[in-house]
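Think of it as A, B and C in the order they're written, each chain with its own count starting at 1.
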Amino acid sequence: MQIAVTVNGRLHERSVEPRRLLCDFLRDDLGLTGTRVGCEHGACGSCTILVDGESARSCLMFAVQADGAELTTVEGLAPDGGLHPLQAAFREAHGLQCGFCTPGILMTMLPFLDENPDPDEAEIRTALSGNLCRCTGYQNIVKAVLIAAGVATNGESSQ
Amino acid sequence: MHDFAFHRPSSLSDAVAAMQAAGEGKFMAGGQSLLPVMKLDLAQPTDVISLAGLGELRGIRVEDGAVVVGAATTHAEVADSDVVRGSIPALADLAGQIGDPQVRNRGTLGGSVAHADPAADYPAALLALGATVVTDRREIPADDFFQGMFATALAEDEIVTAVRFPIPDGAAYAKFPNPASKYAIVGVMVARTGSGVRVGVTGASPTPHRASRFEAALAADFSPSAIAGITIDPSGLASDPDASAAYRAHLVGVMAKRAVEACG
Amino acid sequence: MIRPSRSDHRVIGHPQRKIEGLAKSTGRAVYTDDITLPGMLHGKILRSPHPHAEIVSIDTTAAAALEGVHAVITGRDMPVQYGIIPWTPDEYPLCVNRVRYIGDGVAAVAALDEDTANRALGLIDVEYRELPAYLTPQEAAAATTDFIHEPKKPGHNGNVTKRVRLEFGDVDDGLDESELVVEGDYFFEGTTHTPIEPHCAIGLFEGDGKLTVWSATQVPHYLHRELARVLDLEGAKVRVVQPLVGGAFGGKSEPFDLEFCVAKLSMMTGRPVKILYTREEVFYAHRGRHPFHMRYRTGVDGEGKLKAVDAEILLDGGAYASFGLVTTYYAGQLLCAPYALPAYRFDSTRVYTNKPACGPKRGHGSVQPRFAFEVQMDKLAERVGMDPIEFRRLNFIGEDTRTINELRITSNGFLECLEAVERASDWKARFRQLPFGQGLGIAGSTYISGTNYPIYPNDMPQSGVQIQIDRSGRVAVFSGGSEIGQGCDSVVAYIAAEELGVPISHVRVLRGDTDFTPVDLGAYSSRVTFMLGNACIQAARELRAKVQSAVGEAWECPPDRVDLLGGLAVDTADPARSLPIAEAFNLAEARFGTLGATGSYNTPKDVHGEYRGGTIGASPAYSFTAHVAEVRVDVETGIVEVEKIWIAHDCGKALNPVLVEGQMEGSAYMGYAEALMEEQIFKDADHGRAGLHNAPSLLDYRIPTSLDTPAMESFIVESNDPEGPYGAKEAGEGPLHPSIPAIANAIYDAIGVRLDRLPFSPPNVWRRIREAEAGGGLTKPGAPSREVGVAP
């Protein structure tokens, strides 16, 4: 089946089987391996991307459902090779350990911060609740989001 | 997963026609329930008919003392809707407790209602609010709609287009979620309406149901203490490692009491 | 909160970024499944539907004939037993004669894509003869026939992996002389690691006989050895590459079927083969926390000092030995600090059951007994009328001492840990004084910083690092470490930067490639920072001395006047005199030749008990931890809400305090999860197919979300261990232990109900509340009656 999707601002026209999962399409067909697959069943949130600006699990969508949509993956967060403020905050605040869940979390927090530029910790925790992290205990993830929102600062890291 | 034909009809009638032409067809809205069961081969449709693009299924409006929510409205849209928040805040609260943010962004009211997962949240609201399920061909009262686990009054090729929720005098939803999936182990909505008190229970049993003994007691005295002494018979309730039938029966009482408290 | 660093280090002890943080936050980090090789095939493993059965026959003809299938293998293609512990090899890469749990691997296929491989699995015809399945350790221990493994000696029960009975001091006398003895039965339910990255491996066998395996493993070195042994290849022709690993927690710390299968399938097809576990397979691979049935008797004298401890432990091991021999010892050996035990006995038995094998999960072997022991401590403190923190202080073992089982304790910051959480939680004003339903609980623990003895006996170092310096001022560290998210690549970069005076951004770390990096034994038993750090310091200091010497020669000053810092070589007597570090390196290269050095670390081998098993539990240094947990219990529903955990941990020295805090919080989170939610459980015949995993999916296996996880506050205690790198000890596993008993003890403070069985899930808590109500009602326990140090 022929589909046309815009991924990180670039139009891709491809032929896919209807059963092709969107996460596999992104990872295997387009080589965008920053989107991770952790649980396959819509629980861990590692595969979260933006579909028309809203966070969605790419393991719970067929690629054909994305026909005509605008998708953003972690690779599109800072397309110029720099760092998006969210990415910088995660790096600064140690919001990651093994890093496997990180892209999904970034893609969940991106639209959240757009809609809630001044969030409190409880709001962040609610917005994060569809993304599992097994390393950090979430504390530094929440802190990173607060930093990205400009609500908190991280004066600790040097270098 | 087996392959299938994917259809994107541009109108309701085309969608119905596609279903009628299909071998083993499935309608799909957000896919948040259907896709997981397809991955497990619990559903193996030959044809998947997308309802995502149908404008007829969208929109939230107030009409004749009821909030009418289009079937393709996502849980997030219901949760955030000023119309719903203003008229039936308990319904917005319920929608905001479904799954997690990503599920709420894709999952739809119509999809949830048609899928009829016994642990879904919406059934409690449909029953407690005395809602009407509007389809492409008729209207079905909520009391007649849910017929068992994953079973509804819908015909194979019938499409939910909207749900009409009469605006109650007051309502509240109390939920005991499964900590992993966030489905309701027990969810209870209590609503005070002009015609009496209605209590909708989901999660506890294979079919969402109304708790008539609670309703009678609350009609006489709308207070938590009115139902404190009522025990629920655990026979027929769901039982699994997350919650035995006896525990679920107990939780129905606790959640009902808390919903009454929250009704104010 | 971080205690300010007391040293004059410029890098070490200060917050720094992780060196791979950029790659991870941009999605450019490469995990095994992100690798695609030209011509790569995809493999799948056929798994047993029976918990216990003999394999009568396997017919792979139809599968092999399917279009797109390149190879099919069965157990007979690799009939060599292996096991992570050299004394207990009891598994095959694929089962040869017998399957021992639902999910045991039977055959594997390599095909053009995963769908074809899955279809081929469906065409493999296996004939089984079912055998009786043992699903509980009690059934397995009582068995007389159809043992899960053949007995090692005739007449023995083949279901027993290992039994350890050790006694130190006279326990019976100690209990007889005790003023008070508390007895308790405890149960710790099994849990599993649940890394978010599923296991994945790629094999590539090349025409010259060289095998490369990329794998999400914590133990590249052991995998290297076992691949060579099982596949009968020369070790020198086997290469293991460890890409970034997306979480492990002990769940990737031994070879798994997929690694042997991708290797063998590549050897047969000549093409690279990848196998990625499904999430369901991750649950079956398991090697997680053993369920423990425990009975403790603990006696104290009239002052409240511990007199004797007697423990009986039954471990439910699952189908294979895994690390079980060590687990059986750890169940007893690691309990002898931070409290002085004058007499101690344990009788620990691990039995096989027809379920996925248990193994090491973060806090291997000692999380379960620590739960029971620290609840016993709470019960004792209450019975003697003492505040439980005072009770722990009274029984503190001290530093520079030996435990009753002859483990050498060096630095010990446990008292500071107790003090930190006592103060931060406002314990004195709130313990036993919060309203009904709210409570505080305390617990302490200790853990090893690596083991003195490697898994296979040898005298070689446990960890190695090689450093090379480039003329540009760039420093390359070839690290044996295993990066599983904990930050070991960063740690060697910090050390190299500290010692050689270069910015961290000028340090490159090449890690996890057995062709190029020295041996480190792997990321397990909290050994990495301690051992790898020491190895790295040695290599870096050798080079530092050369640079100091060459610069000193040029400056005509003693070498020790030359300091390397901030990208410069500086004359400490004349700070105006300096050289850019690259020029200093060039002087050294001109003087000494190409600049490279190796460093290694080996453990002390002379400090352990002189008894059978006395080496197990011996570590170069021990960490200490104390937690206070605050809970709120909803007695109507049984929901326990943990509002906060205060975590104080003696890590010796925090090389990077934010990494240490991350380990402390991640550990406390994982302990919290085991306390309240997690259960790796299996169906019995009354509830479905016996031996089938209850629900091998993240939609059912409950791990905490951001909403569930409590607030946490960390307090780093630095005791500066004499043997640790810059004084450091472990931080990655110790801080898990006290979470669970601290929560149990807090629940007791809240509602007066003891919870001696895990998990404290709502239905379990509700059941105990109902029992307590039926037995006389719920009340807040009374405040301690005794002043500190006053005999009754």
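Going forward, contacts are C-beta pairs under 8 Å (C-beta built on N, C-alpha and C of every residue); 3 or more make two chains touch, one makes a residue touch a chain.
If you're wondering where the values come from, they're calculated on a predicted model, not measured in any experiment.
If you draw each protein chain as a dot and join the dots that touch, every dot ends up joined to every other dot.
Should one ask which of B-C and A-B has more C-beta pairs in contact, the pair is A-B. If you average the CA atoms of chain A and of chain B, the two centres end up 29 Å from each other.
Per-chain CA centroids place chain B at a distance of 43 Å from chain C. Multi-chain contact residues, meaning those touching two or more other chains, occur in chain B at positions 36, 100, 180-181.
Residue positions 698-699, 703, 705 of chain C are each in touch with at least two other chains. Under the contact definition stated at the top, the residues of chain A that touch 2 or more other chains are 40-43, 126, 129-130. Residues of chain A that touch chain C in their complex: 27-28, 32-44, 46, 73-75, 77-78, 83, 87-88, 90-92, 94, 96-103, 106, 124-126, 128-142, 156-159. Those residues of chain B lying in contact with chain A across their complex are 1-6, 8, 28, 31-32, 35-36, 39, 48, 50, 52, 76, 99-103, 105-106, 180-181.
Interface residues of chain C, counted against chain A in their complex, comprise 14-18, 20-31, 33-34, 36, 193-198, 244-249, 278-279, 484-487, 503-505, 658-659, 661-662, 665-666, 668-670, 697-699, 703, 705-707, 709, 711-712.
Residues 36, 100, 176, 178-181, 241-244, 247, 250-251, 254 of chain B are the ones that touch chain C when the two sit in their complex. Of all residues in chain A, only 1, 17-19, 40-43, 45, 48, 51, 54-57, 60-62, 64-65, 67, 108, 112, 126-127, 129-130 touch chain B in the complex they form.
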